[in-house]
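Chain nomenclature is as follows: A, B, C and D, assigned in order of appearance, with residue numbering initiated at 1 for each chain independently.
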Amino acid sequence: MTAPPAVSIKNLRIALPKGAERPFAVDGVSLDLRPGKIVCVVGESGSGKSMCAHALMGLLPDTVSVASGEIQFEGRDLLKLDDDGWRDLRGRRLAMIFQEPMTALNPLMRIGDQMAEMFEAHGLLTPRERRARALALAREVGLPDPERIVRAYPHQLSGGQRQRAMIAMALALEPAVLVADEPTTALDVTTQAQILKLIRNLQRNRNMAVMFITHDFGVVADIADQVVVLRHGKVVEEGPAATVFNAPQHDYTKALLAAVPSMDPPAREPLDDQARAVEVIGLDKTYVTSGGWFREDRRVDAARAVNFNILRGETLGLVGESGSGKSSVARLVMRLIEADRGTVRIGETDLTQLSGKALRAERHRIQMIFQDPFASLNPRRKIGHIIADGPIAAGLDPKVAFDRARDLLKMVGLDAGALERYPHEFSRRPAPAHRHCARARTRTRDHRRGRGRLRARRLRPGASLAAARRPQDAPRSLDAVHHPRSTRRRPDLRPHRGDAARRHRRAEADRAAVRRAGACLYARAAGGGAGTERARAGGVTIDRIELPNSGMVPKTCTRPEVKQIRSRRIFLTKISLPMSARSKSTPAFARAAPEAPQRM
Amino acid sequence: MLSFVAQRVLKGVIVLLAIVVLNFFLIRLAPGDPAVVMAGEAGASDQIFVKQLREKFGLDKPLPEQLFLYVKGVVTLDLGFSFRQQAPVAKLIGERLPATLLLTLTAFAISLMLGILFGTFAARFAGTFLDTAITVFALIFYAMPIFWVALMGILLFSVTMDWLPSFGYETVGANLTGFAHAVDVAKHLIMPAMTLGLFFMATYTRMTRASMLEVKRLDFVKTARAKGLSDAVIQRRHVLRNALLPVVTLAGVHSGTLIGGAVITETVFAWPGIGRLMYDALLQRDYNLLLGVFVICSAMVLIFNLITDLVYRLVDPRIEFAS
Amino acid sequence: MKQFWKSMLRSPSGVIGLIILVLAISVALFGPMLFPNSPWRMVQRPFLPPFTLSAVPLGTDALGRDVFAGMIFGARVSLLVGLVSTLVALIVGVPIGAMAGYFGGRVDDALMRFTEFFQTIPSFALAIVLVAILQPSIYSIVTSIALVSWPPVARLVRGEVLSLRTREYVQAAVVTGQSNTWIIMREILPNALSPVIVLASLMVATAILLESSLSFLGLGDPNLISWGYMVGAGRTVIRQAWWITVFPGVAILISVLGLNLIGEGLNDALNPRLSREGR
Amino acid sequence: QEPKTGGVINAVIQPEPPGLMLAMVQNGPVQMVSGNIFEGLLRYSPKLEPQPELAESWSVSEDAKTYTFKLRKGVTWHDGKPFTAADVLFSVEMLKQTHARARNNLAQVDKVEAPDDYTVVFTLKQPFGPFLGIFEVGSMPMVPKHLYDGTDWKTNPYNNAPVGTGPFMFKEWQKGSFIRLAKNPNYHEKGKPYLDEIYWQIIPDAAARSVAYETGKVDVLPGGSVENFDVPRLSKLKDTCVTGAGWEFFSPLAWLWLNNRQGPLADKRVRQAVMYAIDREFAKDVIWNGLGKVATGPSASTIKYYTDDVPKYPYDPAKAKALLKEAGYKGEKIRLLPLAYGETWQRWGEAVKQNLQDVGINIETIATDVAGGNQKIGDWDYDIAFTYLYQYGDPALGVGRNYVSSAIAKGQVFNNVEGYSNPEIDKLFADGAVATPDSKRKEIYEKAQKILVEDVPVAWMLELQFPTIMRCKVKNLITTGIGVNDGFKDAWLDK
């Protein structure tokens, strides 16, 4: 061992409240963080990663408590600190970057002020100097147009920019230790790469000790010096990154690694003879938001002349950077929003011409899985109902519908009891199914029926999308889609409760699985014997999935899992993407791509 | 933004006119004839007298014509003539409006300040005894009839302790000027404003509490803690500011209704405001005056709604001027 | 349902509130049976202080009527007015707010202007006018109070719906082809419930007091005794006989408190997140 | 004791008067305030004997058809202009159009003339017994001709700043707060008034008025300012004097209108049963705090030609039940309309309802506010309704109007609302008004009283008394039968 550890966690035990799935969230974890090194903590959802991190920052929720252990930092046991002691350390010596760039910033405060608060909290500098430092920091983390950005409000920034701002804040006082709890999970692939690089560089320059939490083995491969694998609150494996990757000891680690999809798309049968399931012709959509105080109306072209079709049995991948209009196109196809121009045809039916009852009747022919699995489940309805509602609305006998729902849940690996649970309760599942597992299940199921071919299409942020790519516009997409309440808040609204809920990320995978099951059940109920052709592309790569129907009705699901963008990158390099599109992508994208295969 | 305001104002005017028309019929549906009321008060009533009164007030004209004349008046900003008080309605309202605004705005400020203060405390100590105590305290003023609270206040502060005057807007006959006058008015204002304010406090307390608890759970609060900010700063700058948004909304709705809603407070404290004017007009079936007060109240509500909207949009940078 | 009661009974505020409400309601239902004498009957000398005669434990009022009997009989009217008018206000306000918020556009505009009409007239004055038009009776009073109390409900619900309808789970319901009614009823309203509950539990108090103000003005139902009536009637003699006002006043306070506690408990119980996890 | 000069009196006025121009508006509060600003030709002693005010002396002709008034000389309006006979003539003309009661009172006047500046002669069409009783300030205030002649009376600016000849001048009116009157330095009675200023404080809530008195903010609570229940408490306060005097001229009498037209009440026996069923002593003692008197019939005991030699209706539920049975009352619903004048009246309504229910009358109370109640009464849409009315000192002025069949007119209140129609009564009242001499009138009215009491067209309740509460240092406040409405010209403060 070279340098002495900056932080040394010894035998940490964190007790969960009564009635939790297990007595200890963290059960005897020991780990060291050394200056200049990045320790990656990996493990399935609910394994206690965040708990460790929060314990290190003294930010554990009120409901849990440290049962035993110690955290040594600069000769002190952090667990014995009083409030003032913590306040002094936090920010100055220990800093943290949070998972959600959208919600981790105060929406009512300017970015610069929030950065300056870092100094203020520790009584450093004059207000004017603080502003100057904030500007310098913004520049340092590579925020474009820093003068503007420090005066901007969080919602005016893109997710990546916000995360940069967070990082700037965390680094403001040159802390000795940086804790990063899944800092890139919510970001698109390009941004993620940039952020990772930034963290790495800053960490090296300042010789910081970093605890980096992630789910994503791609990320681990990218930056880890050391890897710690957690399971059920216990460390199951630990060691240098290369060792863990190349010679995993524990079965669990092996399983985790196995769950990472391989890069080679399988051979597909040609589909040329298949009929067109979906036909999209010349879709245009411009969002118009009227201006603010003396500002002009703002227009965002979310789709311009979008054309594509999907053959029966085919899966179409729609990819593009955040805010490029993927979700918008999906919503247009679904007729959740009205297109300015263009036609969507499902089989022979022109969906854009329908309305009211007729539209409702045709709805079942095309289905969607939403981007945010948590947001797309009604928190006040039981899973069973959520799944069965659609078929029942389409006239299926409720009993049959529930039986099918049970089957489907079984298919995605959830027990029948899940029918009776509410969405949020999936964070408490005895055997947490993290998203890798969920994905694997999906794939298994898909595989059984699987046949077909996969195409991907990059939605080009061409000239028509220029407006959307202006830095201040980009976050709109995140905000508008994930935070509809905050952007479209009316004065008569209460603050939105959904935000708090978003922290329940642990069970996201389950929820996604359930949502998907709902869509698929529906497909079967309506058309009989629907199947998905997903092959190995599995939840990894695809923004929208078509579920070809063995009968006649094609189904389309949309499932842009932003979190998997890193894998998507790999996928993209393998398929024959037109060069023009590739060159449009950001440099980080291009640079990172070739490394990936070696790591895996 | 300008077009937003213009649009809102235009809509407001249309709503106002609709309200005038509806009020016109509504009020006339109520049984009771102003001429008979006045004749009754005069201690005599004969046919000629009642007929004379009705002619004088234009009550003998067919309803649509009366309506037309009234609306015509309102459009030209003429609120008509009060039968009973023999004075232009606008003048009568004008005399009372300042007192009402003073009372209601003070009460409003008191209720907001106390409500937010107590709500903050309750949220801070949620689930503890203090929380319950605050809730009960706030509800006492909410659930107790205003006149009762007012009377208790008078007994305590005027009769027993002799600290504050029990009625009126200023000391009659004192002829104070300048600062002394202001102090005098303030003394008279304290009790009615408190009484009214304490009533509305309950709502704000509960709203603030709920909203604070909500915001407290949000991620950015954790960020703020991770910065090493002190608790006080976090509560004030991060939690409270965000939690206040829905309170502002509610306050906007209230500020308007407060104006006409102070009838009882104004009565008990003999505060020369619009609430009492309206109440008397209602009992006397002084149609024009009553309509006038209604129109003014409606206009106030609409104006306050607009102001809150604007304030809200200023406070919350995320809001766009969607129309 | 079992689940609901279980969690309701888990929260202490819910339990206390429930006890209070059950007590109040049983007094309202069964009290008059045990107390067959009319509360209007002059039974003793006027202004008899409480706790002096066991026959009239809470004393007598200005006419020598039994305050205790008044409390028992008054519970019926007051609770009826408070609960029913709040219920009616919800029945009117929630659908209007929901439709305005859900359909938006012109529907929203029309409904909100309509709401504004009721909202901008001072509610007390409007209630008086309405009662005067309809002739005072328990029905017209409940109707009028409901008519003046629904606009805030509508506005609140509209606000909530406006934000909820953009939620993905609502869109998920849309794409499965469910009807608008279903979506509003099942997907949106349950999630908009908690602020409405808070508002409603406060509204009950307002309704009871509004009835009191009306009867103070001579516009109450003169044939039925209510707490509000008693408080109003005792008001002028409060200096001589505090008990006439204080006892019914406390009854109102306790009921309101109980309802608010229930509101809190209900809120928790209906929220699956809170109900199963505790806090 | 010698009156002392100077000082300010704070009195309560309730409700706020709609205006102060007595010739245009005549409700109670207006009279109370304006009685200080305006004057009539005469005022009346507590025994209702005429006394000089603007008229120095008067004489009646032999045939009782010509009344000659000599006006006081040297009287000026508040603006300095002299008051002359021309003003009287103008006032008569104006009041006939704006003052309903004055018009009725003057109906018998054939012509009014002014032989010189200080003499006015009224010539009547026929003798009119109560004629000397119509010159009090509230019934016939003198209006300044020079300010009103030829103007639009309704919008005359002096309506808001009235000019009279009275002991006090209008100074200021803060709407909703107070009205200030100041001493008239040129008042025609030398040395009067004694007070420098009067503040009429507007306090709309009865309880708040009590408190204002208690805390020393007001010195005078004119009759009716506080709830009756509060009177005993207030009168026990230090330095507090209470008087029931000053209501002789008005003699307010409370009764229940009984709708004679329809239903069970069309039967005399049912109406009598109502009289027997109601415990009026209880009402007097409990609701009116022992003030006032149980009424015996249509005339208050304070006005002319009153007799108590009439059938009596003591509280006798048994008799009431018997009468009901005899009349064949079968529990038909009877609607009771209380008076929405505040708590006292509401309580009274409840007590009466209880009384009537106790004898088996099926009563349903109808609630309304004042305006709605007036409308119902005017439209004869009621069975029993509370009211109280002034009697103005003479049965011809304040009594007959409620019982003669010529006064049946739909849409109005205060006339013969009950629909009682009895040719004999019509004739008696017609004769009584014009009969001479006094003894003849007395005979007629006594007869009328007997018949009415037997018939019970309405159920007479109480002669009301509204006690005036004031600090004992306020002297000589009430000197006439008109009470506080007659102005404060004799009042002084014993400091």
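What we mean here is this: a contact is a pair of C-beta atoms (placed from the backbone, for glycine too) under 8 Å apart; a residue touches a chain by one contact, two chains touch by 3 or more.
If you're wondering where the values come from, they're calculated on a predicted model, not measured in any experiment.
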For chain A and chain D, the contact-path distance works out to 2
Between chain A and chain C, the Cα-mean centres are separated in Å by 45
Taking each chain's centre as the mean position of its Cα atoms, how many Å separate chain A from chain B? 48
Geometric centre distance via CA averages, chain D-chain B, whole Å: 38
On chain B, where are the residues touching two or more other chains? 30-32, 147, 151, 155, 249
Interface hub residues of chain A, defined as touching at least two other chains: 488-490, 492-494
Counting only residues that touch at least two other chains, what does the list for chain C look like? 128, 132, 155, 159, 195, 235, 238-239
By the document's touch rule, what are all the touching chain pairs in this structure? A-B, A-C, B-C, B-D, C-D
Which residues of chain C touch chain D once you look at their complex with the stated criterion? 40-42, 46, 62-64, 128, 132, 135-136, 215, 217-223, 233, 235-240
Quick one: in the complex, what on chain B touches chain D? 30-34, 36-50, 52, 56, 84-87, 92, 95-96, 99, 147, 151, 154-155, 158-159, 162, 165-170, 172-173, 266-273, 276-277, 280, 283-285
Per the touch rule above, chain D residues touching chain B in the complex are 8, 10, 15-16, 18-19, 21, 24-28, 97, 99-101, 103-104, 154-155, 159-160, 174-178, 180, 197, 199, 201-205, 207-208, 211-212, 214-215, 217, 368-372, 374-376, 378, 389-390, 409, 411-415
Which stretch or stretches of chain C touch chain A in the complex? 155-156, 158-160, 162-163, 166-179, 182, 186-187, 190-191, 195, 270-273, 276-278
In the complex with chain C, residue positions of chain D that touch it: 206-207, 210, 227, 229-230, 233, 282, 286-287, 338, 340, 342-343, 346-347, 349-351, 353-354, 364-369, 372
